[in-house]
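Chains here go by letter, A, B, C and D, matching the order in which they are written, and residues are numbered from 1 within each.
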Amino acid sequence: MTKLRVAIVGASGYSGEELIRLLIRHPEVEITCITSRQEAGKTAGAVFPRYRECELLFSKPDINEISEKADVAFLALPHGLAKDYAVPLLENNIKVIDISADFRLHDEAIYEKYYKTVRPAPELLKKSVYGLPEIYREEIKNGSLIACPGCYPTSILLPSIPFFKEALIDFDFMLVNSLSGVTGAGRKVDAPFIFPECNESMRAYAVTGHRHLPEIEQELQLAAGVDEIKINFIPHLLPVNRGILSTIILQAKAGVNLQTALQCLKEFYKDEMFVRVLDQGQQADTKNVTMTNVCEISCSFDERTDRIILTSAIDNLCKGASGQALQNLNIMAGFKESQGLL
Amino acid sequence: MTKLRVAIVGASGYSGEELIRLLIRHPEVEITCITSRQEAGKTAGAVFPRYRECELLFSKPDINEISEKADVAFLALPHGLAKDYAVPLLENNIKVIDISADFRLHDEAIYEKYYKTVRPAPELLKKSVYGLPEIYREEIKNGSLIACPGCYPTSILLPSIPFFKEALIDFDFMLVNSLSGVTGAGRKVDAPFIFPECNESMRAYAVTGHRHLPEIEQELQLAAGVDEIKINFIPHLLPVNRGILSTIILQAKAGVNLQTALQCLKEFYKDEMFVRVLDQGQQADTKNVTMTNVCEISCSFDERTDRIILTSAIDNLCKGASGQALQNLNIMAGFKESQGLL
Amino acid sequence: MTKLRVAIVGASGYSGEELIRLLIRHPEVEITCITSRQEAGKTAGAVFPRYRECELLFSKPDINEISEKADVAFLALPHGLAKDYAVPLLENNIKVIDISADFRLHDEAIYEKYYKTVRPAPELLKKSVYGLPEIYREEIKNGSLIACPGCYPTSILLPSIPFFKEALIDFDFMLVNSLSGVTGAGRKVDAPFIFPECNESMRAYAVTGHRHLPEIEQELQLAAGVDEIKINFIPHLLPVNRGILSTIILQAKAGVNLQTALQCLKEFYKDEMFVRVLDQGQQADTKNVTMTNVCEISCSFDERTDRIILTSAIDNLCKGASGQALQNLNIMAGFKESQGLL
Amino acid sequence: MTKLRVAIVGASGYSGEELIRLLIRHPEVEITCITSRQEAGKTAGAVFPRYRECELLFSKPDINEISEKADVAFLALPHGLAKDYAVPLLENNIKVIDISADFRLHDEAIYEKYYKTVRPAPELLKKSVYGLPEIYREEIKNGSLIACPGCYPTSILLPSIPFFKEALIDFDFMLVNSLSGVTGAGRKVDAPFIFPECNESMRAYAVTGHRHLPEIEQELQLAAGVDEIKINFIPHLLPVNRGILSTIILQAKAGVNLQTALQCLKEFYKDEMFVRVLDQGQQADTKNVTMTNVCEISCSFDERTDRIILTSAIDNLCKGASGQALQNLNIMAGFKESQGLL
């Protein structure tokens, strides 16, 4: 059997390491190229001691080399850089699965407002597919450029989209608190992220205007079929390695109760293997989903205020980044969707 | 100088230990009696290895003994038990500072609904003062029975009461997410609280109907001067020892902005030594307040939704329980309010 | 292909959960029976929320049922109970892989001294094989009763046995400090193991006479070919979920240096896929091996004292218990030794 | 009452912060000067959010200013820099309490071997006193330059010196494993110290030749009255904020047993308020000493090998650095030795 050849561009961060973890166990895929400016010349095993036996060699990123060696390229780069690879690779007929934010937002002005830089390669906008398989599976199948969702948006959109699609709620009312582990900041060597500053600490950050906000609102608008939805999204940093827990409050329409709300979720995800809708009374817990591609969702109903309270748990590096990227690859390549993810 | 003689009834839990930590450094107080059914006969040093040299001896709780030995009694008992001590001690003219929930709620029916038991000693209701010094300092001065606020309510009422008193917000809209360290569950030996079940875990619990909810609403109603306020309050358990971080969303009235909101807080607490209102852009962090009696509050404003976003951090065992209890004692006894708390 | 049918007896603890994690991904194995007195009637998914979709049903342990349903039985029981299952199952020609301590020690008197109870089923002694594959692979192949090593012994024997076999060291001098994560205590609901008592804590325990001591000494004696070896072994409890780090000091014989010591290890384990001997200057780290079956070993040499300093890292639940048990199964069944373990 | 005026030179790290924490509560001391090249112009409150109300202003370090403003200067500088301040300050009759390593070692060659730099100001050697109060209290009283012990040496010397002084052990045999929290690395912003690289990790480092080794051996030689003592000292990094746990193995001389060993410790420290010798069967635990100046020591005896096993716990920033520095100040200034430390 010929294996699908994949490249990982910008593979020296946590997302890159997670992609390597997943892909080296995937029976139908061969990693043929990993790139990193800083680590070029070293093996993956030297950079990631957990995979010390891994002899994949980091090279400097080179379009020609990637195009020759790979059928599909994962981009695990900081925002703003992805276009330098996506444009020429697509021209060379290499499919691109981008983990950065560059191709997620449809509106250039919003991108520029939140990312403080010019929207890269706006001409690729029409090509790009938002890589949330539970919502866009058909588009992903035929896509050539997949914009994987951010970690927070994944944890927030999966529990809430069904309620917007089914119009069970007031579209003007959605409030989200998200708690993230420290790998969510990437392998960032910066004072606020050293151990003694994070351990035994709980704090919010980017309380208004976090970069993931417009991406969440865009997808909610599409789900609801309306032009504007505004939410509050408040991220927090917590002392765990992996995991996001999002707590979402929605205002139910008259007639909606716990049973209808839970039924809406269960029905929406009844065929999804990576979305686990918990039974009444169970609570999502990040420790149940770390190192997996599962999004765990619990649903409660506050009868005093007629509000639906959802909590969702994902692994930010897996379902929130590299696992979902692989899920997209599996769909594009026609593999079993769970291949390499169980 | 004659010292004030204090007893700690039910001193073998985390709140009792914290009271001992604080009181043994207090120059105007002498602990004359500590009680515990299980630990009677042991020294505090044997029960709390951190204070191994402490030779205070646990005795079985006995009203007569407490009444003879103490001028003031702290009750650090589970709810439902406090009345058995409060009633006779008050009759014996011993002042009582209760850390449990038994005397906080004015409405018997609500107490019984949330605590699933009969309201103890309803006749004491009129005597009891809600022990939040920043709000009820004058009443505390003359009180004989202080009902110390719960840990969550302390972290939520301090940041939000000014906005209700000043009527800068829509009273119908308040949503709270709170994150608590594991000492918040007390020294509870139960499967969900063993280390491997809490470490690397983030989860919500009691998503609707937590016992601290009615206490919060009662005080907000009093602050706002209205009969009914309903909020959402969602507590979470996080892997830190001490600390509560509460994130509160309020809907600002027209004309209110970041400056007016921040000004409201700064003005309200300008003379309070234990409330720290942070400047614009700073974020409350539990690691800044653990082992202190400080409540740290940050204020942000989301211009897209005209919402005030408050985060507050306290140490659940100190400002959230025993530190605040001592602050109340200092006020009642006419000591410097910060005595033993710096 | 007919799958090998396996039972897990006493499957409700952490070792049982880890076996389920590994075995449900094993392509040549089918779990046909899981037992637990307390959890009988529940699904594995109900007991272990991480595997919520798992519909395996816990039953009360029953020799006849296990014998009918399984070809091999894993015993994940407390010590002293294993014989009640091992004896009749072996009579019924069911192979047994025991994770408890009951069949590890050859000397009945030593068992009884350390475990304070009568040695169960001494007649099985001759049948049992010490399940450390890197040392006893041939015996395991033909074994019917495998006594899997303890977690500490695994982490200590793998790095030290080569030096005893090759006689590069003074047999009278071996000192071991081991650090264990809290899952090492099992799912024990006991005051010293609740989160606030473990978090931000470092402490030794069982400083002399830990139950794993005689097992270590027995295997060192066999490796060295001498009748008596006495070591110091000091275990510690640390605030991580998984992992053991053992630091071992050995006195080198004249002529031994860093190069010969490192060479001894590299040569001894050159064909072993689950033992990773690090290069000079690298240090073993538990975070590199958690959730894997790898034992990572680093070797240093103190020229001032002519001592070899080894540090080894394993996952206590995987290579230290259930992963190694599966490795044993793979060897017994003629599967690829790494099957289900990568 | 005139207060003693103190300066803290290099006050922006964790040791500096800890000094500020302790000194602002000290009734007989006034901090008159804090310096930091990077933070000059900011208040202590801006740099350390935990002490946000602290209005002490960081200035650039200036000998004249320090000499005018202070009677005593604490130096919390990296090694190699202390002499630039110690020499001129001593000439100006300012007493110096140095937390760095520069004046600890009596032997220049050893300093240069371990610190890879020339011994600063060797002429000050005769003046400097090793600031371990339990051993050198009299010398400290009259000292003008105190070289405070390192954090590891403090945790190792206190439990072991009595056995060397009393000659109850074989001087050729001492092995030490030490576990340190991450603040032990200082506020170092470096990849190995970010949260995800430390959390859920246990690892040794500097397994041979750690810089604290010669300091430990020097003091043991002085205690034993011999020219050479060689030990093994193996430090480890563990995921806690504060604390060192050292485990020490000594070979007892004939006739020594648990009772004599324990008696030796209890007798040696019977008048020391900051050394807590635990009773038989109790184990030192860092969580009992964090945020205190206490060194907790437990003593066990392995009868099979006639070895004494000591474990000791300190707070690396308090008794291991700034608390001990203050203890030295109290002794020098004639204050109560525990002033500001309880």
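By definition in this document, a contact is a pair of C-beta atoms (placed from the backbone, for glycine too) under 8 Å apart; a residue touches a chain by one contact, two chains touch by 3 or more.
Quick caveat: nothing in here was measured; it's all calculated off a predicted structure.
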item	value
Pair sharing more residue contacts (C-beta pairs) when A-D is set against A-C	A-D
Chain whose Cα centroid lies at the greatest distance from that of chain C	B
Rounded Å distance between chain A and chain C, as computed from the means of their C-alpha atoms	37
Between chain B and chain A, distance of the C-alpha-averaged centres to the nearest whole Å	39
Chain A and chain D: spacing of chain centres that average the CA atoms, whole Å	47
In chain B, residues with contacts to at least two other chains	181, 197, 200, 239-241, 285, 287
Of chain D, residues touching chain C in the complex	175, 177, 179, 181, 197, 199-205, 207-208, 230-232, 234, 236, 238-243, 245, 247, 249, 283-287, 290, 298, 300-305, 307, 309, 311, 313
Chain D-touching residues of chain A, taken from the complex the two chains share	14, 181-183, 187-191, 193-200, 239-241
Sites on chain B touched by chain D in the complex	25, 49-50, 52-53, 200, 276, 278, 282, 285, 287-289, 291-292, 296, 342
